[in-house]
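I am attaching a structure below and will ask some questions about it afterwards.
Each chain carries a letter (A, B and C) given by its place in the written order, and its residues are counted from 1.
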């Protein structure tokens, strides 16, 4: 397998996380209103951004799969969506903790990003049941790609729709980085980079594992026929 | 495996297309990691009949569905009526017919309504629908829902559906199942040897199948186990496929 | 295509493939005609079996009754009314979506269509049109029932304004419902996957329709539908209509 690049990815992920965590705990200021728990923002928002990008990337891989018929794109699409779903659980958990810290409730409807993420999550949670409900492997890949494209297009539209419907009772902390003081912005960007690297590393590991399993199956099949 | 081309003398009065009706070159169709069809090659001239033998799961139905353009080949070349599949599949669709295990009829609609629907999809006139109903002797019960018809009658309506658009190539999956001798006699001129069309049919009956065939294909596990002109194949060879 | 007087086609074998006239011609059929044929067949089967529409309508009316007891209220108005109306219509629509391709999947309708020399997106148009028809009939029953059973303010004055959200909502459900139905029907858990896939995708439609209708159903000062919601609905319908058009073929081919 391509161990050198996997190793490089893993190392850079660990390094990035070390840097980002030290920034979060030692460099970024404690936010006046929300206190220490606000620092979960540096975990929650990067998780969310990476997960959403992962969903959309899964949709792009799916387009490549349908256009070329190459099963490898389907594998990449599956891994991207699968990983984003796992990150999504993290998003919802950290989002809930943050809501508790900021507004005193374990869930709030006022944060439109969190709400639209919930809807997206519920949609993608059907991805694996859909795949496993189709027996024909080729059709499974094709239908999964159709789903991934539809859902990928849905992600931005859903955000727009929910944001339009949100009530602006609570001020939204998730503004652009330009609204944040530079210390917080830097910490945020480093955390985002670390999260993106983590996503890439985990996806590469899962892809490598799946490819190995497929290779093993093909080899044993050929040997079996001899 | 040997490529066998059969260019026997066409019966008089039949116009034969230039070029073979069916050309397969190392056709492969997978189902996951398994090969439903592995490396099937053959040529079938126009107006001839190919009979496919083989146990269940050998790939007979898969082969028919590939020829019908319902399944895309995963490797190899397929040419049907001179058109390359899957690229030019749309050009063959109006010229081929599939008569499979399912009649492809809506049970709640009558025979006439079903045939009219298929006629509209194929650009065929309503008069032709009536003519087909007469040809399969289903005019009397043409307005009753298909679910009230016996299996044999349904099969007859299915034959009418399959020949509605006057196809050049017939793909028949055990067409005589569910038909009594009278019905078989009725549909013979439509889908049998005397119809003059190119035919590919599956059969489990070695004697009957060999009698109809010009070319014989025996499949086992997706692979070609038997291929040759009908006169060169022994019924025992065919029976051997099933052991 | 008129029958011609020359030798009977097909009785004596092959002829030049593309030069025929007569009762059969082997020329691909135009998409509009195909859509017409498909819709006619759909409505005919539905009229015979009455599988979808009566169930949808009955479900909606029963749900209104359930809401009365669940909310313990005699009337609702404003946003609450809009919410109840749209959720009920949505879930009733799911029943129709579930059944949309079942007859084709079970009775070989896909094969029959795929063997024809026609453009395959005609099936998408036809099924979406049929679903649209079912939704219209559903609303013809459900909306008056809602006005009768649960709605506080009179329905008559709200109705003209409701037409836009109803129409746009129907278009969205038709497009997404058809796509999801085609996706779900050839899987093992088709009845479950259909709604699970459709409901998140339809949330923006619910948002748009419910928010657009809320001022219309207000008891105090009923106003008109906010244009921003109409615009959102129209945009969403357009985007998903295009997506459904782009990917539908991939669901049919094998």
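Going forward, a contact is a pair of C-beta atoms (placed from the backbone, for glycine too) under 8 Å apart; a residue touches a chain by one contact, two chains touch by 3 or more.
What you see is a predicted model, and the numbers here were worked out from it, not measured in a lab.
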(message) Need the central chain here, defined by C-alpha centroid distance to the all-chain C-alpha centroid.
(response) C
(message) Can you tell me which chain pair comes out on top for contact count?
(response) B-C
(message) Can you compute the centre-to-centre distance for chain B and chain C, using the mean CA position of each chain? Integer Å is fine.
(response) 36
(message) Please tell me the distance, in whole Å, between the geometric centres of chain A and chain B computed from their C-alpha atoms.
(response) 50
(request) Please report how many Å separate the Cα centroid of chain A from that of chain C, as a whole number. (result) 33
(request) Identify all positions of chain A at which a residue touches two or more other chains, and write them in rising order. (result) 138
(message) By the touch rule stated above, which residues of chain C touch at least two different other chains?
(response) 254
(message) For a test of understanding, state which residues of chain C touch chain A in their complex under the given definition.
(response) 179, 183-184, 186-190, 193, 196-197, 199-201, 203-204, 207-208, 211, 228, 232, 236, 239-240, 243-244, 246-247, 250-251, 254
(request) Could you pull out which chain B residues touch chain A in their complex? (result) 30-33
(request) Can you check the complex and tell me which residues of chain A touch chain B? (result) 136-138, 217-218, 221
(request) Going by the contact rule at the top, pick out the chain B residues touching chain C in the complex. (result) 13-17, 46-47, 68-72, 81, 90, 93-98, 100, 102-109, 113, 117-118, 120-125, 127-128, 131, 145, 161, 163-166, 168, 195-198
(request) Write out the stretch or stretches of chain A touching chain C in their complex. (result) 66, 119-120, 122-123, 126, 129-130, 133-135, 138-139, 142-143, 145-147, 149-151, 153-154, 157-158, 160-162, 164-165
